[in-house]
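The structures considered in this document are given below.
Below are two complexes that have subunit A in common, paired first with subunit B and then with subunit C.
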Partner chain A sequence: MMRVKAILRNPPLLTFLLVALVWLVAGLSLRGFGAYGHLRYLLELAAVIGIAAAGQTLVVLMGGIDLSVGAVITVTAILLPLLSPAWDPTGLVGVALVLAIAIGIGLLNGAGATFLKVPPIIMTLAMATFLQGMLVLVAGGSAVTVQNPAVLLLGQSRPLGIPAGVVLWVLVSIGMLLLIHRMPIGARFLALGANPLAARLSGVSTTRNTLILYALSGFFAGLAGLLLLGMNRQGYVGIGDPYLLTSIAAVVLGGTSILGGRGTYAGTIPGAILLVTTTALITVVNASPGWRSIMFGTLILALLMISGREARR
Partner chain B sequence: MIDMTDAGPLLEARRVFKGFFGNPVLKGVDIALRPGRVHAVLGENGAGKSTLINLLSGALAPDEGLIAIDGRPVSRLSPATARAAGIAVVQQELSLAGELSIAENIGLGAYPRRFGLIDYGALARGVREVCDLVGLTEPLDMPVADLALGRRQMVEIAKALFRKPRVLILDEPTSSLSAHEAGVLGRVIATLRDRGVAILYISHRLNEVQALCSHVTVLKDGGVTADRSLAGIDGEGLVRLMVGRETGELFPPRRQGQAGRMRLDVEGFSAGLVRHARLVGRAGEIVGLGGLVGQGQEDLLLGLYGAIPAKADRAEIDGRSGLPANVAAANAAGMVYVPADRKHEGLVLPHSMASNILLPSLGRLARGGLRDRRAEAGLVADLARQLMIKGDVARPVQALSGGNQQKVALAKWLPLDPGVLLLNDPTRGVDIETKREIYLMLRRFAAEGRLVILASSDTPELVNLCDRVLVLREGQVAAELSGPSITEAAIVGAAMGVEQGTGPGRRAVQ
Partner chain C sequence: MTQASSSRLYGAIQRRRNRGLVGLYLVVGAFLLLYAVLFPGILTIGGFSKFTQNWFPLALVTMAQALLMLNGGITLAIGPLVSLGAVIAATTMGSAFGVPGGILAVIATGLGIGAATGAIVALLRLPAIIVTLAGSFIITGVALILLPRPGGFVPGWLSTLLAGHTPVAFLLLLVILALWKIFLATPLGLAIYAAGDNPVGAFRSGVPIERVKIVSFALSGVLAALGGLFVAAQTGSGDPIIGAPFTLNSIAAAVLGGVGFLGGKGTMRGAVCGSLLLSVMINVMFFLGFPPVAQYVAQGLIIVGAVAVPARLALWRAAR
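This part shows the complex of A and B:
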C-alpha cells in the first residue's frame, strides 16, 4: 500500500508505468503493434516531440510557456536547405547557422519577456505569428527538399539498428537531466518558477536566467526541426505546427506543474512516448480525421486525469 | 451637543480573547462604544488593534468572551449581521473596486432596487448626499482608479456613511489624507457624534486623537492598560500609557565593545519613500530602524540592497564606492537581506529546506559546472545544527514552524560570510523562544565584526538590541538616538512627531 502511494506521488514513474501498460495491452491485442520495427518507429516519432519538449520543460519549470516552438521547428526545417552552402560537404555549416538562428529567436523571446515585461504567452505567440508570416514570404508556400548530408544522416541512419534521432534524444535527455538536477542553473530555474520574488532577493538574476532559458528553448526546438526535416526529407510551412500542443502536453503528462517550480524532464520522456502511442492507436481505429482529432483530445484529457494532475497547493 | 454618553453602549466587547496559531493577540479585552462619543484606541504596532476591529465587525470570532450589540450578546456575529446592525468599518487597506465608478463603489452591496434592477436614480441621490457631506466634488461616474489615494480614502468613508451607520469604526482614516481632507473628516465625525453615532477612532496621530476624541482605550501586548476619559491628559501622557512595560530577560546582555571600521557610509540616499537619508554603520554595530509601519524602513533596506531603484550623493559600502546596481552586486559586496514577509519574499515555500538554504551559494559550491552534492549536504547539515533548525532538511519549508522558517531565511546567507546584514523585522510572528535565539545570533554577528541593520516594528527590540536607532517618519530620518537616549518613549515620540522634553513645561513631566 505504501509502495502504491509512493508511485502515485511520483508522476514520472506513473507515466512510465502507463506507457508500459499501454504497450503491453496493445502488443497482445493488436497485430503488428509489438513488432520491433513498429516500436522503433514510435520511439523515432517520440524523439522529435521529446526534443522539442526539452526546452518547453525548462520554460514551464520556470513558470513560463513557449508558444513559438512549432514556428521555430518550421523555420529551421525551411531555412536549412536554403542556408546550407554548396561548398560544405559535411553540411555542418548549415546546421550551425540554423541553430544559431533558432537560439536568436529564443533570445528575442527572452528579451521581450524580461526587458519589455511582455507576458511569455503573448511574447512567444506574437513571435510565432511573426515567423509564420516571414516564412510565407521567404518560402512562398512551396516545399523545400533537403540535400544537407548531416541532416539526412540524422534523420535516416541507424547505427547498430537504433535510429540516429533516438540516439540524439538519449543525449538530449542526459544533458537535460544533468542541467535540471546537477547544475546550479537548474536549481535557479526551479526557484524562479516557484517564487520569483524570493529567488530574486536571494541573488538569482531574473534577466540572465530568462534569457538563457528561452535561448535553450529555441535551441531545442531548432534541433527538433532538423531531426524532423531529416526524417521527412522535405520542409514546408506548417511542418512544425503539431509539435506546439504535443510539446506542452508531453511536459504536463510527465507531471511537471504548469504553474512552475515543480517537475522534471524524467517525466517528459515517457510523456512524449505516451503521446505518440496514443496517436498510433487512434490511427489503427478506422475513423475519419475529424473523429481522430476528437479522440486524441479526449484521450489527452483522460491521461492528464491519471498522471499529470495538478497537485493542490 | 446633547450628552448621550450615559446611554448604554451600542457595541461592546466583553473580555474577548483571540489568538493565532497559539500566539495570543488579545488577552481579555473590554471595550464599550457609546452613542455620541468618539472613542480612541491607541497602541503600538502589533498591540492587537486590528484584531479588535475584526472582532467588533464580525470578520473574526473571539476564542473566548463575547460581543454585545445594544447590550444583548450576539452568539455569532458575521460581517453581514454586523452590517445589518448598523456597524460600518473604514479599513486601513482600501476595499474599493478600481474599475467601478464612485457611485457604484459607494453603493456596492446596498444598491437601491426597483423591479429587481438597480435604481440608478435613487443611487445617485443617496450617493450625492454622502459625497456632499465628505466634500467629494468629483463626477460620480468617475472610475475610482482615476482618483488620488486621499480621494479614494474619502470614497471609502462615504461608502461607510451611505449605510447610515449607528457605529462607525475608522482605522487610521487620515494616514493618506491631506490636511484639508483631514479637517473635513474631523467636521464629519463631529456631526455624526452629535447625531448620536458611536465612533471608534484609531490613529497614530496624537494631536488628532486629542482634538476629536473624548475617551481612550490603550492596548498593549493584547491587554488593556488604560480605559479612561481623555480630559486632562497630554501627548506625552498618552505615549507613556502606550509604552512602559517590563522587558524581562528576553534580550541578551549588551556588550560594551568598540565599534570597528566603517562598513556603510551613505549620504543623500533616496529610494522609494526615503528622501535624503544619511546612514552610517561600523563593524560590530547593530543599527535600528524604527518608526510607524510603512514610513520608508523597507524602502531604505531594499534600496541599499539594490532591489529597488535608489540613488545617493555619496555611498561607500565596505570600501567600495557606489550603491549596488542589483541584488547580485549587493551579495558580491557582502550585503545580504532578510525580508519581513518570509513566506512570499524570503523563502521558496514548496521547495525543501536544503534547496532554500543552498540557493544563494549554488554557484560557489559547484565544481566543474556540476553541483557538489556532498559539499552541499555537509553545509546544510552544519547550518541546521548551528542555528538549531528543527525538521527534515528534505521536507518543504512550508511544513516548518514560523520560527524555523525564519531561521532558514537567515541561515541561507551565512555561507556568504556577509559584512552587512539588512534585516527587516526578523522576529515578526516568531515565538518567544526563537526570538531569544535570533537576538543572541544578532549579538554574535555584531561581535564577529559584522554590521547589522535592523528594521523593527517591535520597539523594545530596538531599545534593547541596538547601539543606535534611526526613527523614520514619512521617509525622513526624524531622529537619531544612541546609547542611553534610546528609550521607548523617545522612539514612539519621534515616530509620532511628539517632541520629547522640549518646549515649555514639558521637562517637568519626564
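This part shows the complex of A and C:
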C-alpha cells in the first residue's frame, strides 16, 4: 500500500507506467502495434516532441512559458536549406548558423522578459507572430527541400538499427537530467521558479538566468526543428505549429507544475511518448477529423486527471 | 467615466484604476485620429458601423478572456468556442428552431461548455491553461462534426440588423459593458476580483472560490459563443475553424489593456480598450497598404512595445 502511494506521488514514474500499460494493451489488441518497426517509429516521432519540450520544461520549471517553440522550429526548418553554403560538404556550417539563430531568438525572448519586463507568455507570443511574418518575407511561403548532409544523416540514418533522432534524444535527456538535478544552474532555475523573490535575495541573478534559460529553450527548439527537417526532407511555413501545444502538453503530462519550481525532465520523456502513442492509436481508429479531435482532447484530459494534478493549495 | 456625482471614495478609486491606463488611452486616441485622417469615412454612420462591427467580436472575446484572467485563470479555448458558436448559429437558425431558438442554443452551449470547463478546473484542481488546451481539441471536434465544411445559413435580416449600416453592434457592446458594470456591483462580481487577487484571503472571508470560478468560466463561455454568433451573422454562414485567430488575439488584447496573468490586476475597460487598440492597429495597417506579412511583424513589435513601455515607466518611477 505504501508503495502504491509512493508511485502515485511520483508523476514521472506514473507516466512511465501509463505508457507501458498503453503499449502493452495496444500491442496485445492491435495487430502491428507491437512490431519493432512501429514502436521505433513512435519513438522517432516522440524524439521531436521530447527535444522541443526539453527547453519548454526548463522554462516552465522557472515559472514561465515559451509560446515561440513552434515558430522557432519552423524558422530553423526553413532557414537551414537557405543558409547551408554549397562549399561545405559536411553541412555542419549550416547547422551551426541555424542553431545560432535559434539561440539568438531565445536570447531576444529572454531580453524582453528580463530587461523590458514583458510577461514571458506575451513576449514569446509576440515573437512567434513576428517570426511568422519574417518567415514569409524571407522564404516567400514555398516549401524548401533539404540537401544538407548532416541534417539528412540526423533524420534518416539508423546506427545499429536505432534512429539517429532517438540517439540524439537520449543524449539530450542525459544532458537535461544532469543540468536540472546535478548542476548549480539547474538548482538556480528551480529556485527562481519556486520563489523568485527569495532566490533573488539569496543572490541568484534573475537577469542572467532568464537569458540563459530562454537561449537554451531556443537552442532545443532549433535542434528539434533540424531533426524534424531531416525526417521530413522538406521545410515549409507552419511545419512547427503542432509542436507548440504538444511541447506544453508533454511537460504538464510529465507532472511538472505549470506554476514553476516543481518537476523534472524525467516526466517529460514519457509525456512525449504518451502523446505520440495517443495520436497513433487515434489514427488507427478510422474516424472523421472531428471525432479524432474529440478523442485526442478527451484522452489528454483523462491523462491529465491521472498525472497532472496540482497540489491542493 | 462620468459618475462624478458618486461619493469621493468611489471617485478616488476610479481615478487610481484609470491612472495606469492613461498611456493606453493616449495610444488608442492617436491611432483613432490616424485612422480618421487616413479614412475619413469612419466619421459617417455607415463607416462607424463597419468599423465597430470589425471590432465587436474581438471586444467580446477579449472580455471573455479578461474575465478569466481577472479571476486568476486563462483559457486557450476561445477560438474554438467562437467557431462552435458560429456553427451552432448557422445550423440551428435555418431549422425549425428559428432565430430565437438559435440564439438560445448558442448561449446554452457557451454556458454549458464554460461551466463544465470551470468545474473541471475548480473541482479537480487542474491547471486552467492545460484543461482549456485539451478542451479546445474537443470543442473543435464538435464543431467539425456539426459542420464539416463551411456552410449553414443565417437569415439575411439578422445579418443586416447586426452587420448592416447601423451601429447596432456598438450599442450591443455598450449594453454588455453596462451589464458588466452592474454585475461587478453584486457580491458574485466582486468575488471574481477577490478570488483572483488573493484566493486564500477571499476563501477565509467567505467567498465560495470554486463556485466563483465556475461562474466566471461559464460567463466567459457565453461571451465567446456570442462572438461566434456575431461572426456567423457577419459572414452569413458558419465555418468550423473561423475562430482560430481569436485565442491569441484575446490574450494579446487583454494584456495590452493591462490585465495581469496572476489575477485581480486590471480592469475590464482596459481590456476593451486593448481590443480597440489591436483592432484599430490592424485596420490602419490594412489601409496603409501593409502586406499581411508586414502586419504580423508590426503587430509583434507593437504588442511588445505597448507592454514594455508602461512596465519600464513603472520601474523608473519606483526607482526615483
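Everything below uses one rule, namely that the second predicted complex is superposed on the first by the 312 of 313 C-alpha atoms of A that agree within 3 Å, B and C clash if a C-alpha of one lies under 4 Å from a C-alpha of the other, contacts with A are read in each partner's own complex, and residues count from 1 in each chain.
By our rule, contacts are C-beta pairs under 8 Å (C-beta built on N, C-alpha and C of every residue); 3 or more make two chains touch, one makes a residue touch a chain.
Worth saying up front: this structure is predicted, and the values here are computed from it rather than measured.
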Query: Would subunit B and subunit C fit next to each other on subunit A once aligned, or clash?
result: clash
Task: Could you look at A:Leu30 and tell me whether it touches subunit B, subunit C, both or neither (first, second, both, neither)?
output: neither
Message: After superposing on the shared chain, does subunit C or subunit B touch more subunit A residues?
response: C
Query: Who does A:Leu245 touch here: subunit B (first), subunit C (second), both, or neither?
result: second
Query: In the superposed arrangement, does A:Ser202 touch subunit B (first), subunit C (second), both or neither?
result: first
- prompt: Given the touch rule stated above, what does A:Val136 touch, subunit B (first), subunit C (second), both, or neither?
  reply: second
Message: I'd like to know which partner A:Arg292 touches here: subunit B for first, subunit C for second, both or neither.
response: second
Task: Determine, under the contact definition given at the top, whether A:Val284 touches first (subunit B), second (subunit C), both, or neither.
output: neither
Query: Taking the superposition as given, does A:Met123 touch the first partner, subunit B, the second, subunit C, both, or neither?
result: second
Query: So which positions on subunit A get touched by both subunit B and subunit C?
result: 313
- prompt: Which of the residues in subunit B come into contact with subunit A in the complex?
  reply: 305, 307, 326-328, 330-331, 337, 339, 344-351, 355, 358-360, 362-363, 366, 369-371, 412
Message: Quick check on the complex: what are the subunit C residues that touch subunit A?
response: 120, 124-127, 129-131, 133-145, 148, 199-200, 248, 251-252, 255, 261, 293-301, 303-304, 307-308, 311-312, 315
Message: Looking at the complex, which residues from subunit A come into contact with subunit B?
response: 178, 182-184, 187-188, 190-191, 194-195, 197-205, 261-262, 313
Field: Of all residues in subunit A, those that touch subunit C in their complex
entry: 65, 112, 116-119, 121-123, 125-134, 136-137, 245, 248-249, 252, 257-259, 288-298, 300-301, 304-305, 308-310, 312-313
